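Heads up, the next two complexes both have subunit A, just with different partners, subunit B and then subunit C.
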Partner chain A sequence: MTADQLAAVAGRPGHARGADRARPARRQTSVATRQHRAFYMFTAPWIAGFLLLTIGPMAFALWLSLTTFDGISPNWHWIGLANYRELLSDSVTWGALGRTGLFAVTSVPLSIVAGLALAVLVNRPIKARGIFRTLLYLPAVVPPVGAGLIFKQLFDTNSGATNGVLDIFGINAVAWLSDPYARYVLLMTVLWGAGNVMIISLAGLQDIPRELHEAARVDGASAWRTFRSVTVPLLSPVLLFQAVTGVIASVQTVMPLLLASQPPPGGVTSVPQSNYLYMMHVFAEYFAYGRFGYASALLWVLFVLILIVTGLIFKTTSGVVFYNVDPEAKK
Partner chain B sequence: MRSHAGAPPSRRRFLALSAGGAVAGAAALSGCALQVAGAADSGGGGDSITVMVNEGDITDDQIKQAQKELGIRIIRVKYDVTRLIAMLTAGRPPELVRGVGATDAPYFAARGVAENLDPYFAKSTVLEVDDLDPVNDLWRWDGKAQGKGPRYGMAKDFSQDSMYWYNTALFDQKSVAYPSATEPITYEEWLEKAEQLTQRKGGQTRVFGGSYNGVGLTVNLAALTAAAGGNLFTDDYATIDFSSPEARKALTWYVDYAKTGVGPSLINPNPDTWDGPTYMANRMAMSNSGYWLGGMINGDEKVAKVSRLAPAPRFAGGPRISACQAGTGFWMPKKAHNKQAAWRVFEWFFGQGPAKDRATGGWGIPTLRSLRPLMPRQKDYQKQVVAVQEAELKHFSVVSFTPYAKVEALDAVINLIIPAAMRGQMSIGTLIDRLNDKTNEEMKRGKELVS
Partner chain C sequence: MTTRLPRLALYAALVIITGLFLGPFGWLVITALKSTSELAASPVHWWPHDLKWGNFADAFTNIDFLGYARNSLIIATIYATLVTLSSAWVGFGFARLSAPGKKQMFGVLLGTMMLPQMITLFPTYLIFAKLGMVDTYWPWVLWGLSGAPFLIFLFRQFFAGMPRELEEAAIVDGCGWSGIFWRIFLPQSWPALATSFVIAFTWSWGDYIAPMLLLSNDRSTLAVAISTSYVNAQGLPVNNWIAAGTVMYVVPILLIFLVAQRGFVTGMSTSGLK
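The block that comes next holds the complex of A and B.
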């Protein structure tokens, strides 16, 4: 094919065949443009919101973390990485971080196991299954404020129902909302909301093809073996999802801590030491101490830590999580 | 690369447009904010001002009343220190802000964000300086100490918060002698009485013998130290010294109070969150809430009939003082836009209709001397309360607070450290050392930001 012929096929102006081909090409571009425009138009509010309400504040917090800004005092100034250096040597921060880590590694597995156990139970063909599912899920629907207040009343040393029950058995009252018991009450609040995990696990369980369980049964596998070798592997993406979101949520726990604490004038830092988790420390630095710079540095460190932990979870579980993907769909 | 009409926008261009949109959105949002705050500059329907308060401070009815009587529209925003900081930073603060005189006044005055109200008082025919109760001195700051110098605000009502209410029925149940109405008992005696009055069953406290938490932990400890004859702060208010004999005495007493479990504390929190409901439920024999709680007590005649007010205790050998730990009122930010309208509302709120309503309700002592006759004294029990209160006014004193730290910050430090001592896991000596270290770290940082 000569250069002229190639040019003709490509649609040089004036050439009849080229002009014929140009028309459908323009129509195609027009459709694609409309699609692009629609896409960008519909996503623009979210992108604008993301920039305005997420990236903007994060960048502002990063800038704040390099200053001594407290919102009111006149002599605040730029201090570079001093807040981050202080953070590294702050025993209160490390203590809070350690307690938060402990809380995450305790509460997340506990709530996943409890939620999965409940899901397995209510997945069985029992009577009034819907009612049980609803009842078990209800606590997750109760607003955190309501739940916090309920727990505070239940576990109050002097008037709480829990100590009332202990009193019936002649056991002396326990100061549940103080150290060292407060941490157990906090764990109970987490388990109380396990209905949330249950619902997601239940959806995962119902997605497992029944034939696989039947095949295992035909092969003589016990119920436990079937659960271990069929159910859990097929549920592993769901469990991974719960682990990741659970860890992120647990390190950001603040509401139950605030609700179980004394209100002002006791203030935000009147939470028992055992429940003085990282976010509580951040909260105190912002709102009690007014150290916007230092608190912002704490938040940025937490953000990076969450990224690292999430990455580690993905990396360490890659060999044990099985995705039920249609091989044809990949093509 | 230049984009042209009809071509799909590139990702870069799209992000640029989004950023532009975000900026435009921000401008629009701030425009909205300006419109709200800008209403204070009068918007055709008369003046309007923004007031940052708690809901009960100015009621809906009072807002209507202000519109009718003053022709000023009050835009009420909920008190929130973070929001206040945002508004101050943006240069559009509220015209009036709620504040606690005892602790907020030096903090805001020292940072130059509060308006000096002396010129306004000088011209006012409603709020005359001679008529101001000494409690308003909490809102004065001369650059070094509280109680002297220009006025930066005014208290709406007040209590002498070391005074305590007691329930005679609960005293009778335990055959404990009533405290004198004229002579203060000692703090040691108060604690003994509280122990005698406490009712327990199965390790649970059914009736608290007494609550002595005051308005907040730091300010309570400052008042206790003053009652022991000292000052929690050094002369320049730049450091705290818990190791002085007086502060040590105060701290030891408060830790003992918590250890005995006779009243709510950090290690024995009150589910009611404050003394009022517990006292009203006949589950608290004594409460150092001051006259202010009378507003609630008067609402239930059964409780009111068995309630008495007693003078503030003193330490054996210590001076007789009776401080106000709050003196809650309003201040005006220096950058407020509609100061004249704000001052008119200030005058009305502190000297006219709302002030008279507060005085007659028993919710605190009026901060204008001329309004004192309005304090409720129709019934016998009210007469007793007013008599004790009026005698106590002679012992009123200002306990100065540091300008270098937020009271919440000092409370936070103490809250973290003191529970171990309350549980007997830390000696008083160690507690003092740790408190001195941590509170002074906070004070040092604060001083650097101010001076």
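The block that comes next holds the complex of A and C.
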């Protein structure tokens, strides 16, 4: 993934309007230097934060991952790549990684499709669509802890509404929050927040010129055909952005899992097996076992995997994603 | 006549879907109003026999609800205020000024937008522990001061769209860039400032992991307290209190969102994901 590709997804690449305009020759250097200085002064807080709060901790984690540091014992020592070797042969790590991959490849496409479908629905000229938009988006602003607790109530074995509905049809109560159903509950918490995808897709849909849809209709294209051949390609940068951020968010999912264990974080290992995702494994290694070195190695491996996966997403979609980047920005 | 049925079907679909999306809220409120014995009843009682409004009072008094709410409010206000101002400051630099390396820096900025925060959080926690910042609000001050990539990007888009004439006269008059920012650009950017503040406040109000890691129990936030502190004498979670506490925890955010909704949604849609 290159900076240019990212910038193209996000909008215009680093191009400040008017900032590069030519100056009278005599004052050029002084004005330019002053502007350079001003630029660094303005970006300094972010640069400092990036170095101290991002690069610093990452480097620290890399160093930790080469040690047996546990946060308490003073007798830690340097063990080179031993943590990484252990990781490669650790079946718990591989299992957690596999479940995380499975969760990402199911939850991300599902929420993108659901969000896009909702956006198409509320983009139609219907009455009260502002109200529908707001209500469908509302779950997305519920804080993650709130959402986790709400789903815990909803799927409680004894007092949950879902089992109440099943009971009406004479179906026995299901222990939703344990194996193997917990994974579906997790998926539902994600879909409940599809309003986030909806809002961004909606903004994308409204950017598509009306004429294109009208032209397609005049040519006799069906609604589905228009959607597939006009809407989706024009929306593809937005969908790509959501795929990338969705994968990253799904890999980090930890809140609903933590809440399913009592009390966190000591009981992290009480999470049902089918929801024991990679980040949960990191939590367990940190807090349940105090193995800071090994947990840091886990984090670094995850980081590299995310870089590879996002890189692959950009590479494999480069032929399919249609950038309508304005030509001025290419200068 | 032919379009009548699809239109009806469209409304029916929308109403059903909206119902499914709002259902979990409804269940939360119903749970909050049940008595403990009704909670355990099988089959499920759909509607409580008498509404136990007292659960809300219990949820309020069984933990130091106001104290935790105050902690949440302080942290969220400190963070949202600082991060909004610093993101606007940095966003202005990226939007209106240029210097060698700017393009690469902007690429890195967009890259960090995609960096999982969890990956830096544990090492950051260890570093803060070494610096004696655990159990203080300093980490939120530092996070706030350094700006958030997403908000910096939002402000960059906003400032880049403002006319060049705004700064030209000020430059001729010898006004410095920071003067231009504070006196000319910032006072004109209320929509972006409000959007950023609401987003940052919501992040902080909803954050669970950072306060759980960094703060001791009585200094912690409402998010942590409602998910860990409603237990009975046997240490088991009390679901109707949890539900009542969650309602009281979620409502402020829903209200803020409903009030700021118009600006919030347009703020998101102008974030340049085109």
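We take it that the second predicted complex is superposed on the first by the 297 of 331 C-alpha atoms of A that agree within 3 Å, B and C clash if a C-alpha of one lies under 4 Å from a C-alpha of the other, contacts with A are read in each partner's own complex, and residues count from 1 in each chain.
Assume a contact is a pair of C-beta atoms (placed from the backbone, for glycine too) under 8 Å apart; a residue touches a chain by one contact, two chains touch by 3 or more.
From a predicted model like this one, the values you see are computed outputs, not experimental measurements.
Undergrad: Put the two structures on top of each other at subunit A: do subunit B and subunit C fit, or clash?
TA: Verdict on subunit A: clash between subunit B and subunit C.
Undergrad: Just checking: does A:215 make contact with subunit B only, subunit C only, both, or neither of them? Give me first, second, both or neither.
TA: neither
Undergrad: Contacts for A:273 in the overlay, against subunit B (first) and subunit C (second): which applies, first, second, both or neither?
TA: First partner only.
Undergrad: For A:251 in the superposed arrangement: first (subunit B), second (subunit C), both or neither?
TA: So A:251 only meets subunit C here.
Undergrad: For A:74, using the defined touch cut-off, is the partner it touches subunit B, subunit C, both, or neither? Pick first, second, both or neither.
TA: After superposition on chain A, A:74 lies in contact with subunit B alone.
Undergrad: Which touches a greater number of subunit A residues, subunit B or subunit C?
TA: The partner that reaches more residues of subunit A in the superposed model: C.
Undergrad: Quick check for you: in the superposed arrangement, does A:289 touch first (subunit B), second (subunit C), both or neither?
TA: After superposition on chain A, A:289 lies in contact with subunit B alone.
Undergrad: Given the touch rule stated above, what does A:204 touch, subunit B (first), subunit C (second), both, or neither?
TA: second
Undergrad: Check the residue A:61 against both partner chains and state whether it touches subunit B (first), subunit C (second), both, or neither.
TA: second
Undergrad: In the superposed arrangement, which partner chain does A:177 touch: subunit B (first), subunit C (second), both, or neither?
TA: After superposing on A, A:177 lies in contact with subunit B but is clear of subunit C.
Undergrad: If you stack the two complexes on chain A, which partner ends up touching A:88: first (subunit B), second (subunit C), both, or neither?
TA: neither
Undergrad: Output the subunit A positions appearing in both contact lists, the one against subunit B and the one against subunit C.
TA: Residues 36, 40, 47-48, 52, 56, 71, 152-153, 156, 158-160, 163-164, 167, 173, 262-265, 286, which sit in both footprints.
Undergrad: Give every residue of subunit B touching subunit A within the complex, in rising order.
TA: Those residues of subunit B that touch subunit A are 6-9, 14-15, 17-19, 21-22, 25-26, 81-82, 85-86, 88-89, 107-108, 111-113, 201-206, 213, 215-217, 266-271, 273-274, 406, 408-409, 411-413, 415-416, 419-420, 423, 442, 445-446, 448-451.
Undergrad: Quick check on the complex: what are the subunit A residues that touch subunit C?
TA: Spelled out, the residues of subunit A in touch with subunit C are 1-4, 6-7, 9-21, 35-36, 38-43, 45-50, 52-54, 56-58, 60-61, 64, 71, 118, 121-122, 124, 126, 132-139, 141-146, 148-154, 156, 158-161, 163-164, 167, 173, 192, 195, 199-200, 202-204, 206-207, 237-238, 241, 244-245, 248, 251-252, 254-255, 258-259, 262-265, 279, 282, 286, 292, 295-296, 299, 302-303, 306, 310, 324.
Undergrad: Name, in rising order, each residue of subunit C that touches subunit A in their complex.
TA: Subunit C residues touching subunit A: 7, 10-11, 13-14, 17-18, 21-25, 27-28, 31, 34, 39-44, 46, 86, 89-90, 92-100, 102-112, 114-124, 126-127, 142-143, 145-147, 149, 152-153, 157, 160-161, 164, 176-178, 181, 202, 205-209, 212, 223-224, 226-228, 231, 237, 239, 242-243, 246, 249-250, 253-254, 257-258, 261, 265, 268-269, 272-274.
Undergrad: Show me the residue ranges of subunit A that touch subunit B in the complex, using the header's touch definition.
TA: The contact residues of subunit A facing subunit B are 29-30, 32-33, 36-37, 40, 44, 47-48, 51-52, 56, 68, 70-76, 92, 152-153, 156-160, 163-164, 166-167, 170-175, 177-179, 261-270, 272-273, 276, 284, 286-291.
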